[in-house]
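What follows is a single structure, written as structure tokens, with notes after it.
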Amino acid sequence: MGGRIAPDLRLAVGAFRPVPGKGPRDECGVFGVYGHPEAARLTYYGLYALQHRGEESAGIAVSTGDRLLSHRGMGLVTDVFRDEDLARLQGPHAVGHVRYSTTGSSTLANAQPIVVETRRGSLAVAHNGNFVTARAVRARLEDEGAIFSTTSDTEVLAHLIARHRGGGGIEEALVVALQELTGGYALVLLTEDRLLAVRDPHGIRPLSLGRLGDAWLVASETCAFDTVGAEFVRDVAPGELVMIRDGHLRSRQALPAASPSRICVFEYVYFARPDSNLQGRNVHAARKEMGRELWREAPVEADLVIGVPDSSISAATGFAEASGIPYEMGLIKNRYIGRTFIQPQQGLRAQGVKIKHNPLRLILEGKRVVLVDDSIVRGTTIRHLISLLREAGAREVHLRIASPPYRFGCHYGIDTADIRDLVARGRDVEAIREAVGADSLHYLSVEGLARAVGTAGYPGSGFCMACFTGEYPVPVDEKAGKFALEARRHAP
Amino acid sequence: MGGRIAPDLRLAVGAFRPVPGKGPRDECGVFGVYGHPEAARLTYYGLYALQHRGEESAGIAVSTGDRLLSHRGMGLVTDVFRDEDLARLQGPHAVGHVRYSTTGSSTLANAQPIVVETRRGSLAVAHNGNFVTARAVRARLEDEGAIFSTTSDTEVLAHLIARHRGGGGIEEALVVALQELTGGYALVLLTEDRLLAVRDPHGIRPLSLGRLGDAWLVASETCAFDTVGAEFVRDVAPGELVMIRDGHLRSRQALPAASPSRICVFEYVYFARPDSNLQGRNVHAARKEMGRELWREAPVEADLVIGVPDSSISAATGFAEASGIPYEMGLIKNRYIGRTFIQPQQGLRAQGVKIKHNPLRLILEGKRVVLVDDSIVRGTTIRHLISLLREAGAREVHLRIASPPYRFGCHYGIDTADIRDLVARGRDVEAIREAVGADSLHYLSVEGLARAVGTAGYPGSGFCMACFTGEYPVPVDEKAGKFALEARRHAP
Amino acid sequence: MGGRIAPDLRLAVGAFRPVPGKGPRDECGVFGVYGHPEAARLTYYGLYALQHRGEESAGIAVSTGDRLLSHRGMGLVTDVFRDEDLARLQGPHAVGHVRYSTTGSSTLANAQPIVVETRRGSLAVAHNGNFVTARAVRARLEDEGAIFSTTSDTEVLAHLIARHRGGGGIEEALVVALQELTGGYALVLLTEDRLLAVRDPHGIRPLSLGRLGDAWLVASETCAFDTVGAEFVRDVAPGELVMIRDGHLRSRQALPAASPSRICVFEYVYFARPDSNLQGRNVHAARKEMGRELWREAPVEADLVIGVPDSSISAATGFAEASGIPYEMGLIKNRYIGRTFIQPQQGLRAQGVKIKHNPLRLILEGKRVVLVDDSIVRGTTIRHLISLLREAGAREVHLRIASPPYRFGCHYGIDTADIRDLVARGRDVEAIREAVGADSLHYLSVEGLARAVGTAGYPGSGFCMACFTGEYPVPVDEKAGKFALEARRHAP
Amino acid sequence: MGGRIAPDLRLAVGAFRPVPGKGPRDECGVFGVYGHPEAARLTYYGLYALQHRGEESAGIAVSTGDRLLSHRGMGLVTDVFRDEDLARLQGPHAVGHVRYSTTGSSTLANAQPIVVETRRGSLAVAHNGNFVTARAVRARLEDEGAIFSTTSDTEVLAHLIARHRGGGGIEEALVVALQELTGGYALVLLTEDRLLAVRDPHGIRPLSLGRLGDAWLVASETCAFDTVGAEFVRDVAPGELVMIRDGHLRSRQALPAASPSRICVFEYVYFARPDSNLQGRNVHAARKEMGRELWREAPVEADLVIGVPDSSISAATGFAEASGIPYEMGLIKNRYIGRTFIQPQQGLRAQGVKIKHNPLRLILEGKRVVLVDDSIVRGTTIRHLISLLREAGAREVHLRIASPPYRFGCHYGIDTADIRDLVARGRDVEAIREAVGADSLHYLSVEGLARAVGTAGYPGSGFCMACFTGEYPVPVDEKAGKFALEARRHAP
């Protein structure tokens, strides 16, 4: 077979925005509206609420009732859409998407929703997650003569839907396609006259249903409903297909639900906004409980507790409450971080330029510090932070991680760059402790994490913890998987 | 079948550039390089030379030898490419494209070259022209489950190539596809290891072959060879497929050549650059001869000859030389025209704001003027110009058009907006004369035009003059054709 | 006298960035470097650390040793400077500025540092603060024939320096100018060969001195020193003029220091970064103490304490610690706030779109809440937040403000828009409570605020609390002052 | 005295647009309107007509009747102004400016109109030309304490006006200022309630008066009146000050007119648009006459005449008419030249990339060619063109220049970069001929040029031909002049 495409539809004008920061990425956020006169504007605010799920590109497609209009671009929601863009996107139904990705595939071509024309009419697809069988299906489709314009697996789904020859309309085509495309996903599809939403049989990726007056909404997280003033109705169930047409919502169990279901635990650990409720469990509350569990599992004598801002504040306060050790703001984060800035050159770096975080000497000097973080990926950021704390006078730094060691790649929608760069890959906890320079280190146990999140979960629900355990609920072709990861590393 | 897609991949940042001016549009320019270390840069200058064939979008794809890289954008070549873009497009083979189109489909999604991945590897296609059977083939492909991301017929070709199941590689797939996709076209295709160029069996759209050192070039017009310092080798023949691989050029008669061949006469009349040679005939020289023919067919007593700048200067000087009537610059065109500017509001228009052309009273006052233009489309511009000449004191204005009345739509790559707007549609010459306000009017006859261009053409070559005569060399499904034109009018 | 200038040097391309948010504005940040090979880059990172003091425009001027180069632009530091801009600004000395302002004067012409040429050579001035006598001096200068290109009072200073006819060089000229231009200010000036820094006699605006190897630095806040890896040396004293030349720092008491000195207390309440130390007092620690004082002054029975993110978190945790009432994250702020977004239209606003803050129902439902905020300006934001808390189930909302009622305009560098819009203007606390919809309301007393900040201040130092008390340490021409405020309201 | 300022107020976002091309630059265009409801829009179209006089920056200031509003930016008129900018510039009076300059001073700070506030109110100044005494006056003003924000001499004028202490209002202040600031200039000034226009006593720079209904207009060239549909009234006379206030135009001889007057002959040779009439003489007609004179002075046996497009077409046709040798389009210019493009690298240049001009071999081969150009500056362009003609087969190339050898710097508003680069500097005609590679060379004589332009000039009018003769009508401080030129070369 031939070489690889690297189509670059990058904006001729427009800043490339590298996504800085410590965590894994390649999450996405989806939002859908059926039956609201201001569908595009609602979607704009919904995406704004979901912006943390993807800062790289944003897009909205609307249906006017008899055709689809769309607008996509690179950057934040607020960069991509101008008032006139929203004004042009007139129509009562809409679907929107925000996206993260690695640099290699940061192209406008991969921005979503993708919009294609098929024998069934027009179709817009917004996708959060990953199909583990996509490469194999794509190879088969290519072999059958299909052409691909993007490197995203969402396009594979569109091909399968278009090729479905049986009856039953688009929903049947979708169901049949998803029998082949296994994985973890939340999908929202829009045609001229209907909105469809479906969640994978294990419920790995979250998806919720809301209502605003007579309009129906779907969103990756409930914070988007709060933002647009809508009411949360319920989660889309694992394997459920929801279709809204002619103002009516119909539901069917499109694919048999796995038991137990397995929502991605990393949503609770890091991705989701603290004010979202996933499967009925508030994220902030779950994180606080992770902090409490951390104390229970690994108490330590210390003078104060610090959380790595912003994602670990909840866990740190939970740790502080459980331990009675005072919580303190010992690290101040420049609130403009997130914007692209000119990186310091080697000379200035050597002189100790500290762009992102500033430790508060007044608070830290001579103190024994518990530093709480949600997870460790490559370990470079936490090592830097620990050395900052020590320079500011911290006598001891005890690192507590609100999740187990992160050792395995995700195949369901989270990009871990290269798993060989994971600090926990091939290291035991003591070796990691040494690598990051902490006085002590404890990772929350798998059981502790499950307890922390699970107390308020749905009955019978479990978690996907594959990135911690290597146990993949949806079978993964390891070779394909590895190849995919390797290949990505060589992408431009 | 479902509704219409209007995918809008418009640049989030980027000025919309309406294409001003009088003539028909929807021409494109193609350029290809095989085997030059600076292939992308050569293509940049080649496209710059072909810019007049398409101001709306530009793109270049290169092959590194084992994969394709591309960059496309809305706007002029100089707007779309920055130095860093060219620097990134490293590789010895390249294909480039400039494009015009109507407003409705002025989207980045329709920019070329399109780049797709297929079972045969990656494929970039740059296309000038139109497939008259594209709608029917697309409908069949959709029915077979294909999906379409653009509204361009180039994507239909890519589908057919990808679906070809027989042996013979990409060139066989291309040949089979073109047996189905009839029309007028010049195509340049690039894969990881080869460059292909093909011209329709009637030779409607031009395509030439050049050489620069060891590198092979193809271009819509020979002026692009001059610009990059290359030598013209020969034209690609009607129905010929040229393939360059491993440094060797092979040629085959892919499709039986029509006899006589029928190059688009409008290329000579209006589209091509005066310094290009099409089928061995210099465009400027052909235009001068049109002016001479005009004088022979319709002499008139007058004091001076004026050409509408810039496209009709050649014809006007030919008329002047033949008639002995002095040629004069009676109309000065603002040389910044072509750039987008804020349109005057009704109040200012009523006060006579003259943005584009300024008549020279000194030259015109009291004079009998012959005004030469290459063609008339809707008649609004020429009517305005004639009234400007009269206001500036011209005593008589005799209009001479260097082509026959333009009455029929083109199905081979030129967009005529709506043929119902053509001033010659349903009007005889006298009615047109009255409509535009000239004292006399003569259109060059079909025979005169053929004589003017043809004296130096290839032996046995004819012209496509369908827009003047309604005689279409490639059969056109009139209903499909009409529908296409109508549909386009309702596009956003 | 004639009319008003409204020169608009707005960027031809570039988004206008309204500064959203609740607090007063028109603060600025200054930064200076003497004697570092990467002076412009250091300044870039210094300004990045001071970005919260001004998001509207940014600028840097450097001295090459024999001339000044500068670059300024509208927007954030990261928007204004590209790598090539910093590369161009070569030279060992630099001065930088970030600026807030009202919309009316949001023009590039008002961006700083201003750079002018005078008989003494070139001069760059970066200014934080306000000269209360500027209008009168400007009128006199205009009367003497001076011309003004900006509406900023910094230009008035430049005029006075240029006009000084006595000896003593630029520092003498500066001292004489400041005898006339009274007010609250921190100034950094750069000429070809020296850097000067001066602070007003009352020490109203902060200014500190730092060292990085052999280089000297000055900055509005010490967090900038931490960011660039420099050491804090000491504050510039009230009335002190520091001049660095030939690598040597000289100091003189340029203007007699007022006793007690009066640093702006609002720097501690709201403006400064929590990791900065002003006059030796850490801002975060001072805010925590304000929270503790609040509890002492106005205890309340409640279930949890919430701070308005982000500026009131410190005070809220102080309140929680003193009271023993748990601190909670009851309000989640969209972390992308600060970027311009399309405002919801009336219809969506009526439907309850909540863009900025989302209350956590889980935490709030049925609870008695203490809401801590640093200050109240117009009261609209806090009223909205209280209603959000109630909608989310809060049973009681007790508002505690970490500063006294804000009732008077600032004449020393903080813009209060229109003092007639202040909710505390003409209302007693009970009326304010009613206006904002709280169950109880307490403002920290002047004494409590002084105690909170002052415990670690310099001996003999006091505060400027004019915005709370109306007692202005530097005499203000009330008529001029009022006129200035009124006039600004009518500006475009 | 201190060093040099290089304030760079360059747009943070915005393409730098080097001005390519062969001719001298630093010309400007001015336009003014008094009493039209759409004053800013009229000015926009007026500047669009004058765009050839300055492509680097553009600006408009309007008076609302009681204050001035303005907008300026780098780039072409169509780049600088958006519809909303014009919409904001409401008011019945306006002044506009387009500007060329060398790279060094291509900064927004130097864009015009400059707008300042003075004791007399607000003042906007648009200036075409140069004050030869500006440096001396500026030094004096600096010595008196004035500060300067720009490097333009227009700011010097504003200072003098502001400093004028006598009565008589702004016009008296202007007259007194111009007694000190000698040179060649056309000035348009706008205050809240009046428009003033003045031309230097020698009439070096052109300025004309027009009328559109009740509104009064002034413009550098009459083509701007044609463009906005206005009528030409008369030229402003040398030394005349025209003031329009309360709807009435008053005129006074502000400065004694020199006799004879001396309009810049280079306006006819190169700068002005062919459709403009300067002092009653049409530019196109003058150029044709230059061509005829060239023939008379230096006839040659040849087969065809070619003009360097676009500026030398008029002269070439004049030469052709006089000689009877046919005029031909032997050089085709890429019509997109003028836009910034990526320069070919050395490798491609060596391979003969020809971006700008393409010679028509068909026409040139074996021919004896007369090549007409308006002037020669450094000689590089014409040398390149001659070699192009020879490569395309021209047997002989006889160069005819429609003006005398260009040997002296202009002190009245035209930038010649560095006079030491002038090919005619220190070379006789034979040496120049050799340098550019022509078979023969003739420059039009001073007398021939005067005859060509002057036949229709005002009675008693002469020309400034200082760049050809070194005879400066306004005394020039040679040292200052030279220093100015030298200094400019070292500017960044």
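Read from first to last, the chains carry the letters A, B, C and D; within each, the first residue is number 1.
What we mean here is this: contacts are C-beta pairs under 8 Å (C-beta built on N, C-alpha and C of every residue); 3 or more make two chains touch, one makes a residue touch a chain.
Because the structure is predicted, anything quoted here is derived from the model rather than measured.
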item: Given chain A and chain C, the chains that contact each of them; value: none
item: Chain C and chain D: spacing of chain centres that average the CA atoms, whole Å; value: 47
item: Chain B and chain C, separation of their C-alpha mean positions in angstrom; value: 59
item: Touching two or more other chains - residue numbers and ranges from chain A; value: 81-82
item: Chain pairs that touch, as defined at the top of this document; value: A-B, A-C, B-D, C-D
item: Complex contact set, residues of chain A against chain B; value: 1-14, 66-75, 79-82, 85, 88, 108, 114-123, 142-149, 155, 158-159, 162-165, 191-192, 492
item: Parts of chain A lying in touch with chain C, wherever the complex brings them together; value: 37-38, 41-42, 44-45, 48-49, 51-52, 76-78, 81-83, 86, 212-213, 223, 226-229, 273-275, 277, 282, 284-285, 310, 313-314, 317, 321, 326-327, 329, 332, 334-336, 338-342, 344-345, 347-348, 351-355, 358-360, 362-363
